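Two complexes follow with chain A in common, the first pairing it with chain B and the second with chain C.
For the complex of A and B:
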């Protein structure tokens, strides 16, 4: 008979999650991932406290990692925002990678075509063109979903692959091929992003976009329509909100923001000023997927996405010291990021459920 | 293994079964039931009466919050359907759970523990043939399932359950997908089965007459409670229908005398399909005048939902016209209709009428966002919206700590008051109320009905869709019983006798009643 005893633990759905609960859960998930990674550090013979101190001191040292930390963090922010807008309508934009590549193409096409323009004009045109290319690419996935009901995840992933090879076609032996093997020509001098306090000006642009989006999503009529649609497509239909048009709109906005990150990435870091070799630009393209995790962890709040992006960016940059400075095995830094992302994702469970013990 | 079951022995008994869903909806409220071997014991109830919950608890899909289940006198707990199956409970679902490309025999042994890893087809076949002979089933074990009729497929499910040793069979709407001839054959099979020592428990909403014909005993559920236990020989069809749809009469509302004005809505020969693409409403025509409440009485699932959706602009009309204030709005969009003064109260509250993760303000905004008065340059004037929301929420007596409270925290009655407060003040001409009091307690029901009568007093037309016959009789001016997508008749409230309308909406009506 004991076999039929009911389980003692009961899951209960959390009806509404407050921002404060989300912050607490996120902090727990970070602490949890640090503990897990400590085990690996310990096995490798490193002192975890020492390792963590090294990671963050490197990431935020103005003479060492700070520039890269800020640059990469705000690149993540672009892509987090690009995820947040469509996901507010509950559309999974996993196409930031492709939109970023298209943004790259849009920006570089302008730079190579008009290398002698005044920097202010050239950079503005590059940004506009990058945003336009990204927006078009996002809109494509949005159209497929909104009008033809093609699942946006599948659509985005396929478009990502196409975009990767488009860049490849242009750079590796293509019209934009540089002198070095498999990279593009360098960006002309006036196209490079001016730096303001350790970081290219586009970093401030994306923070401004985050703030604008916050008000757009929470206060504007269109933002309201997007939120109604995201929370209940049926309710949206009942009050006359067109799903298909909104789906195209949110993907266009998301694509435009991801497209802007193309300029930010390559024109904002002196280590590049060009499109690097395929495996290198693919590695950066892979970073865009952090946008999904960060967007969800932030409960789609664009302002909360700012510190969260900087936190992950600092680990992306800082964890490299594990290999370079502490002489730990190669790949341990990537493992750390993997652990953080998977615990973040796993702790999403607590956004939805409470565990309660039965009497 | 198990000793022989005696005829009339209680196989399954439940005591005090209670299930409360998160959000406080009481689906089952201290239900006591007994099922005896050799009996067909039908459970009747409208949608939302708790039938599905009860079925799921008996089959181990859901756990009750309170109450006990006994099988042959021994207390049991089901963690999953597997526990229930192992203890002799079989279930025949409304949607067939069969592999269509496989043969009958293959379907029956699919997942059967006795089958083991290596199949002894000869032995299984012999056992199945014995089983069919015993119950007098006629079925070709080698036929592919897709070749069978719906009735035969249902039989396969039953044989599968019996072969697994089921002593009690739960049948979910057993005749709903069968043609009349199939249904008759199937019901005969049920009758002969019940002579053996098993209990049969059909759950029924629609097609009352058929099940009525074969059952020995009937229990009627309403709002999660057992309202009547009766032996079939003592019951009449109309009485059953009344128990099923009726409700304790509340203290009587006085229907205000309002002279009926101009015609607001005229519907001509309207037809529409349901989500499966089958005809849901068939050639319906009616009209509503200022100050008139037209009550559509019917058991849920007879086309009311589709009719409401077509009128609200959510579903396409296949044929016919909708004339509103003299204008053809058959193809007008939802928003155009809202702006013209048509309000729709959907039957589903949380998720459609109200968004749980939204505050009261944001919910009320659902009927303001398109209005220039509450919008500045594309941005919502939240100050104005808040003032409006606070006023309207107190006027409609929505009880909440503040207008910033998330709607998910509100109780059922409060939720509905919130829906009404969102829709009614923004509706000037025609209110479509779809099951507005379903699942509400007495007080909340009362307040909703008052609101509908208020609308009438203000000269609005109201289309009330309800499966509560008393409600329809109490507040409507005109009554249209609906059955299988058609209005049986449209009659003035004064001429509507309860028994007759009840018979009309359950398909038991014949001319001359």
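For the complex of A and C:
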């Protein structure tokens, strides 16, 4: 126990963090980031309360932002799940961006090759192909880590950058180039995702995946092996769990889930139905990193990830009104997200320690 | 005719070198900072904005200051508060992406004509400064008492503490210096190499620098040669026509090259022949917080 004599406080290790404690800590961290962001709003001459009211009223208004909020939230959920599965084995999947791009390529390749299929068949094929491409890319990172011992953070980041240029190669002046400059051809009509109650059907698919994963990770034999490997690689080795094979497996699952988000993102939002300009698809790719933070915040619980994703999704969509409606400077919305991410990181401290006043 | 191209290669090498030698130092003390790309972004934004208003020297100072500040934040989070070092670094990177977009994107464009970085025969003297910093850090690490302390803190903090080394203080100092150098690398990128600002200008350079530290086996000399090689690969990907005019590969494929090369090198050093040496030279307690019970 370390002690700060002058302040008369003591740090106490938290042995096991309960779900309720995690929720309380997350709420405090969100409140803290709202306060920090208020300072920036003051600097820009906006009234913080007014701004926050605008953010959430826009995000959840069925006639304005609700569709986009749900769509982006569940996009985040895909990527959160893609992070959770490998991290249960304590493997950092920061490659969701690349897996998402590869999933995009997989889905669009099918759509452009067979535009005349029946929608049900075409969409299933696109989903399967996206998942396959993403899984392959994830497996590559898993192979590098498991068999060749390449650090997965570096490996994934390199693969992300490669995937970015791969999409660039296909869309900007490449075989998929559309009429508009730097974007791809529009998706054929039957490839577009049908909407059920404000949101494309893939949203329900990802919620189902979250529920399945919850039971897979906590109840199944493979899930048990993954957890053992995550908690103690030495113990895993002694009871005969092959680390390298498991690493490939979890990265493949993660990659497949992130790959599915490629279809969900572009075929589920009427604003796209194509791959947009590189800056635009890169901006969406950057959102995938939220999977890391969301996964850690909800303690790798796939079901807890659902409401958390929706909350962050509503900020991602809602914060755009700061720029569009309140006429505040460009970039203020991404700043808000940045502040939330660094506070979440800092508040991880409270997942480990309690502060006690000394008597 | 080739010289301007080589000078640009050396300038990219300078950026990689500054960022990577700082990271090498803090990794030697046991702190891994994956937010190096974020520190470079912050440094480049601060450098660019200060250069617009006050000129170049203040720009470099601003870059180092903001890099040092966020290095300090990372070190407080990871050393004193014992937050997972990857989480803290990622948090800083994501923050930097948002903050820099908000802060600097409104000034997007080239630096005005008046502000030109000094260049000797078309090469920025910062290259020599970077090499000098590498020499200094090599000297400190391998020839001095302080270097021994730093390495012992990275290898076995408990043993170091017992023999009277102040583990926490050394980790703080090394991480702040790492931040300062990454910030300087960023300021150099925006004010000298690019001489302008465009949305998120680092484009993965920070991650390459991070990878360079891994396969340098934490040795400054290998880091120096690695930076030169990757400086060339990066610049070749941007302007291949200097080497070979009729290069058949389209631009995106060329731009993948530095990243593919990184993966290949990382794979190569993990072969059986190198694996043992790699495992031996890796600071033993890298990435693990030091908990004094």
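In this section, the second predicted complex is superposed on the first by the 344 of 359 C-alpha atoms of A that agree within 3 Å, B and C clash if a C-alpha of one lies under 4 Å from a C-alpha of the other, contacts with A are read in each partner's own complex, and residues count from 1 in each chain.
Methods note: a contact is a pair of C-beta atoms (placed from the backbone, for glycine too) under 8 Å apart; a residue touches a chain by one contact, two chains touch by 3 or more.
Small disclaimer: the values here were computed from a predicted structure and weren't measured.
K.L.:
Is A:168 touching anything from chain B or chain C once the two structures are fitted on A? First, second, both or neither.
P.N.:
second
K.L.:
Figure out whether A:341 sits in contact with chain B (first) or chain C (second), or with both, or with neither.
P.N.:
Touch status of A:341: second partner only.
K.L.:
Please work out whether A:81 is in contact with chain B alone, chain C alone, both, or neither, and reply first, second, both or neither.
P.N.:
neither
K.L.:
What is the contact status of A:250 with respect to chain B (first) and chain C (second): first, second, both, or neither?
P.N.:
neither
K.L.:
Under the stated touch criterion, which partner chain does A:12 make contact with: chain B (first), chain C (second), both, or neither?
P.N.:
Only chain B; A:12 stays clear of chain C.
K.L.:
In the superposed arrangement, which partner chain does A:102 touch: chain B (first), chain C (second), both, or neither?
P.N.:
neither
K.L.:
May I ask you to name which of chain B and chain C touches more residues of chain A?
P.N.:
After superposition, C is the partner touching more of chain A.
K.L.:
Going by the contact definition given at the top, which residues of chain A touch chain B in one complex and chain C in the other?
P.N.:
Touching chain B and chain C on chain A: no residues.
K.L.:
Along chain C, where are the residues that touch chain A in the complex?
P.N.:
34, 77, 81-84, 86-88, 90-92, 94-99, 101-103, 105-106, 199, 204, 207, 210-211, 214, 250, 252-253, 255-256, 259-260, 262-263, 266-267, 270, 275, 292-293
K.L.:
Give every residue of chain B touching chain A within the complex, in rising order.
P.N.:
Listed in rising order, the residues of chain B that touch chain A are 22-23, 63, 76-79, 83, 312-314, 333-336, 338, 344, 346, 348, 351-358, 362, 365-367, 369-370, 375, 378-380, 382, 406, 408-409.
K.L.:
Inside the complex, what are the residues of chain A that reach chain C?
P.N.:
Its residues touching chain C are 1-2, 40, 92, 94, 144, 148-151, 153-155, 157-159, 161-162, 165-166, 168-169, 172-174, 279, 286, 289, 292-293, 296, 329-332, 334-339, 341-342, 344-346, 348-349, 352-353.
K.L.:
Flag every residue of chain A that touches chain B in the complex, lowest number first.
P.N.:
For this pair, the touching residues of chain A are 4-7, 12-13, 15-16, 215, 219-222, 224-225, 227-228, 231-232, 234-235, 237-240.
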